[in-house]
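We just call them A, B, C and D in the order they show up, numbering each chain from 1.
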Amino acid sequence: MAEVLDIAVRLIVIVVAFLVLPLIVGQMEHKAMAHMQSRLGPMYAGGFHGWAQLIADGVKFAQKEDVIPAAADRRVFAIAPAVALVPYLVVMVVIPVGPGLVGADLDAGLFFVLAVMGIGVLGSIMAGWASANKYSVLGGMRAAAQLMSYELPLVLAASSVAMAAGTLSLEGIAEQWRWWWLPWQAIGAVVFFVAGLAELRRPPFDMPIAESEIIMGPMTEYTGIRFALFMLAEYVGIVVLSALTTVLFLGGWQGPILPGPVWTLIKIFVLAFVVIWVRVSFPRFREDQLQKLAWIGLVPLALLQLALTGVVRVLLA
Amino acid sequence: MHIVYPVVVSALLFSIGVYGVLARRNAILVLMSVELMLNAVNLNLVAFDVWLRDRLHGGQVLTLFVIVIAAAEIGLGLAIVLAVYRNRQSIDVDRLRDLSETGASGEAGPPEEPVGVGEDADREARP
Amino acid sequence: MTFEAPGFWPPSGPEVVFLLLGLVAVGSALLVVTTRQLVHAALWLVLCFGALAGGYLVLTAEFVAWVQVLIYVGAIVVLLLFGIMLTRAPIGRSADLDSGNRWAAVLVALATAGVLVSVVVAGFGTAYAPLEPGQGAAKPLGSSIFRTWVLPFEALSVLLLAALIGAIVLSRTDIRGRE
Amino acid sequence: MISVVVLIVLLPFAAAVAGLLGSRWPRGGSRTKENDRAAARRAAWFAIAPITAALLLTLWLASWSARALPRGSASYPGAEFWAGLLPGSTEGTLTMVETGSVPISFTLRADGLSILIGVLVVVVALAVQVYSVGYMRDDPRHPSYSAFISLFTSAMLLVVYAGDLIVLYAGWEIMGLCSYLLIGHWWEDRANSRAAVKAFLVTRLGDVGFLFGIFTLGFAAGSFRIDDVLSADIPRGTLITATMLLLAGVAGKSAQVPLQTWLPDAMAGPTPISALIHAATMVAAGIFIVARLYPAFLGAQPTLDVLAVVAAIGMLGAALAALAQDDLKRVLAYSTISQLAYMAAGLAAGSDKAAIFHLLTHGAFKALLFLGAGAVIHHVGSNLMTHMGGLRTSVPITFAAMTVGFAALMGLPPASGFFSKDAVIAAIEHSHSPAQPFLYGAALLTVGVTGAYAMRAWLRTFFGPARVEALPEPPPGTAHVFDGREAPRSMLWPIGVLAVPALLLGFAGVTEVDWGSALVSLIVALLGAGVVYAFWRGAPHQDPARMLGPFRTACERAFYVDEAYRAVFARPVLRLARGVVRTDGQVVDGAVRGAGRLTMSLSGFVRLAQKGNAQLYVTGLLAGLLLITVAAVVLG
């Protein structure tokens, strides 16, 4: 009975986190972007600096008419947002917040995370294809191409950490982490973070969405609650990416004075802020630059990191 | 776990893959069917690995290898399919009939040749 | 490998789960080869692979399961979808996805199924393996790959490299053969 | 001494090699007229100089032989003559070829007989070579032509000086080859190449018998050396078989019945060739062989009887055929057959001396006649006597020389033919052969006919009205020039030189003249000539051959021997060959083609499955695999 209760509590906590954290990140984006661009951002909803803006947005989305184009493949069109969203939810199950504070500690947790995150892109492809809109299809194909290219450096960078820690378990990796891993795994961290950004199709890697040329890519035809789900998926993605980077490269809950989970949250939010900051600061990559960065920049760097990790591991052993 | 369950599932999957390879016109669908067959084999490997308690994990390792090979296969296969599509604007397997005797059914097949039997000219035309 | 094999009835929990997953896998595989919509076939394939990954999990081969998800779902199906879109797949039903020898294919596939199923049932009808978690964890698998199977592994990496180069050469139009 | 003999044989051979390889040297010159002239000039030197050297050597050899002492007693009756005339003889074996059974000795020998014939060969060859320089002046293939003549001369000398039957046979065959090449010299004309092939095939037919005859003799004697063969004790039956076989070769080479048909056709070749090969030397080879192996023939009386019959038929038939021919060269050709039959008759009658004597004189006067005929033909531009007439004024030297030749042919004194023919007839008269009366009658008749045809040819060529033919229209820009002069000097000299022995050679053998038979034959010859003259006198425009009446056509066609051969041999063989071709084309090829067609049509059914659809193939593959699996499980 206690086990069931334990599992139920964990799941509830995760669902709550799943619902709350993206909202916070979203609100943060609104405000941070606004201030970086010397404007105010939402100010009215909820009173204080428009804190309830995203909730209001959610209500608005829920109320809007759900339009499905006549030529669309209705079923796929309907499933696509779920496919985009669910993997991140599942990933959150295995991300440890503190020692033992984890939905489920998997032996091959890192692998699980990478595998499941890869599914997320399917949502974009499905949405793009099912919309029966050539911009959407283009966006879907761009998403697919982007995923194929950036999956490799992502996995390579992650495996570098796994190699350093000698385990695939996320909790294990965080436990093994020492401060000098920061310089040691710096390249891997950057590669992982950049590749993760690309997988999330966040600016400057938002070529698949690129409003100015293909309107909104896969999401062109989406309205109402389904569009909201896509947006949610994006912000959950930011949370998950930040959390993973935190766990893998920044020691997770490790930190002085403050309790572990707090450290984790702090690191996650700092990284989320970096994601927003990057969005505001950099222009969008062109498609060929995007691919070039992956294959000429990140993959060799990741391989270099792998070699470095290997050498150091052998020297230490 | 009765080994017969995964093994039967695998046999069924394999047969379905066979059907797909034989019956599908679209080359990509044929590739998918091949993947089904490979997966059936993988399931078998895993099941027997578990059953035989292989200390070297031959079955599972081999499964990983098969997955890798499948990735390579799909990459090459798609490259070929795309090359074919670029050249012919079609990837229907049963329209790719350049190897057929008369070329009558392939749109890009060789020009019609007399199907005369035993003619010298016919023999010369076909080295 | 002789164990005290329990009877087929009642099935144990893992067996029930596996059978359900197998049902999903076989059903979605059937849909893959019968659906009239190209993209749906790929999506059913995802379901099939996912179910199979679940089956691997039940069979305690968790590493294989995640690799299955990572490579098959994350890479291969995406690649397939990519190919489908590059070859201008239409939305909706295509009438001509099945070729002429469909009935021969049905016959052959049924015969194959009959032969295979009867053979495996006759051969492994009583085989039983108790499931022990941890069999397919990353550690034992990794150590056996990099100890016993390292040579095939290296050969495989060469194969992958060759496939990579081959795919590049095949798909790039600006690389010409020697005239 | 033997080295001189070797030199004599090898000199013409070297001339042939040099002529073939060197006359167009240095290479690279284009085929212009100048180059051709230069090549012809070179070839003439290559041809004439060695032959002259060989002639000098032969004469020296003869003089040596005449002064030498006889080596021993004559080994067989009749050999005294040679021994008396040219007693010296020499023999040398260059090498022995071990064959496993009977060894072949590469032996050359020179004795009276061979030196005599050798002189004849070299003289005629030299005359012909010189003559050819003029006769073939504008022929671009003169170099190869003269080289082949040299090769031929060498081969004939090899036959003459051979001391071993196999060596002799080698020379014999090379002669056949050269004969083929030279008859077909103008091969562009289909008739010429046909004549060449005919000559080759007919003589080959005889040569088969000849070769087996040599084998029979050689194996019976245990050696191929001629002396060994002649002195060996060979059973009579074997001897008869061997000589009969040899007789086939003799008949082939010497154009005796029944293998005579090639000789008239061989007149298609250049006239000097006719003089050399088909009058003076090659045909003489057959007679020479009989004389050379005469002891063996003497031991086989049936063979001599057969030879007598053959000779009797041949001399009379050929003479009659000669009487009806219109082509001057064919007249001479048939007369050659007839005269060779005389020699054969002399041999059959038991006198090789008479035969060889006639061979020598005949060689001289027949060569003379042919060369003269060549000059006439050269002058007139046609072979046919219908186109000739009244030429005695325009070609006086030729006329004189040919008169001598015809006189010798008729056997009028004092020309050489009188003495030699008399010797032959006397030999026949005194023969003890069972065929003697028949032979004698035939010989006398032939003498008459010979007189007739010789007279006819003489009259029709040099007397009577001149038949001036309109010359063909010359190419524009050149004037109408009638070349009324005689042949060039290089042609006249040999004719003049040959006229001397034709006239005088008889006195060399004048020792024993049977004046009785000589008188008879002279009267008969004059009778024949007189009849012809009478007929010609009556109507100089017309052919005196009309006196033959209905018999004329048969004579002109040589008694239809060619037609008979064609009907008996050629046509059935052709029909058989056609049948074989048809069988091959329809039955054999039909079977092959039918098998192919059957396979193809069967494969057509199989091909129906080859639609190019890979899935279909895989379906079949898997279905088959399943069937095999099930069968293996069920049956195994």
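Methods note: a residue touches a chain if its C-beta (ideal position, glycine included) is under 8 Å from a C-beta of that chain, and two chains touch if they have at least 3 such contacts.
Labels paired with UniProt names: A = NADH-quinone oxidoreductase subunit H; B = NADH-quinone oxidoreductase subunit K; C = NADH-quinone oxidoreductase subunit J; D = NADH dehydrogenase.
All values derive from a computational prediction rather than experimental measurement.
Asks: By C-alpha centroid distance to the whole-protein centroid, which chain wins?
Replies: Given all protein C-alpha atoms shown, the central chain works out to be B.
Asks: So which one's got more C-beta contacts, B-D or A-C?
Replies: A-C
Asks: Rounded to a whole Å, what is the gap between the Cα centroids of chain B and chain D?
Replies: 83
Asks: Distance-wise, how many Å sit between the C-alpha centres of chain A and chain C, to the nearest whole number?
Replies: 28
Asks: State, to the nearest whole Å, the distance from the C-alpha centre of chain A to the C-alpha centre of chain B.
Replies: Roughly 37 Å separates the two chain centres.
Asks: Mind checking the centre-to-centre distance between chain A and chain D? Centres are C-alpha means, answer in whole Å.
Replies: Measuring from centre to centre gives 114 Å for this pair.
Asks: Which residues of chain D are in contact with two or more other chains?
Replies: If we look for residues of chain D contacting two or more partner chains, we find 613, 615-616, 619, 622.
Asks: Quick check: what residues of chain B touch more than one other chain, meaning two or more?
Replies: 18, 22-23, 93-94
Asks: Sort out which chains touch which and give me every pair.
Replies: So the chains that touch one another pair up as A-C, B-C, B-D, C-D.
Asks: Which part of chain C faces chain A closely enough to touch in the complex?
Replies: Touching chain A from chain C are residues 37, 39-40, 43, 46, 62-63, 66-67, 69-70, 73-75, 77-79, 81-82, 85-86, 89, 91-92, 134, 137-139.
Asks: Considering the complex alone, what residue numbers of chain D touch chain B?
Replies: Within the complex, chain D contacts chain B at residues 593, 596-597, 600-601, 603-604, 607, 610-616, 618-619, 622.
Asks: Could you pull out which chain D residues touch chain C in their complex?
Replies: Residues 613, 615-616, 619, 622-623, 626, 629-630.
Asks: Which residues of chain C touch chain D in their complex?
Replies: Within the complex, chain C contacts chain D at residues 99-101, 104-105, 107-108, 111-112, 115.
Asks: In the complex of these two chains, what residues of chain C are touching chain B?
Replies: So the residues of chain C in touch with chain B come to 1, 5, 8, 12, 14-15, 18-19, 22, 25-26, 29-30, 32-33, 38, 41-42, 45, 48-49, 52, 55-56, 58-61, 63-64, 67-68, 71-72, 75-76, 79-80, 82-84, 86-87, 94, 96-102, 104-106, 108-110, 112-113, 116-117, 120-121, 124-125, 127-131, 135-136, 140-141, 144-145, 148-149, 152-153, 156, 159-160, 162-164, 166-168, 170-171, 173.
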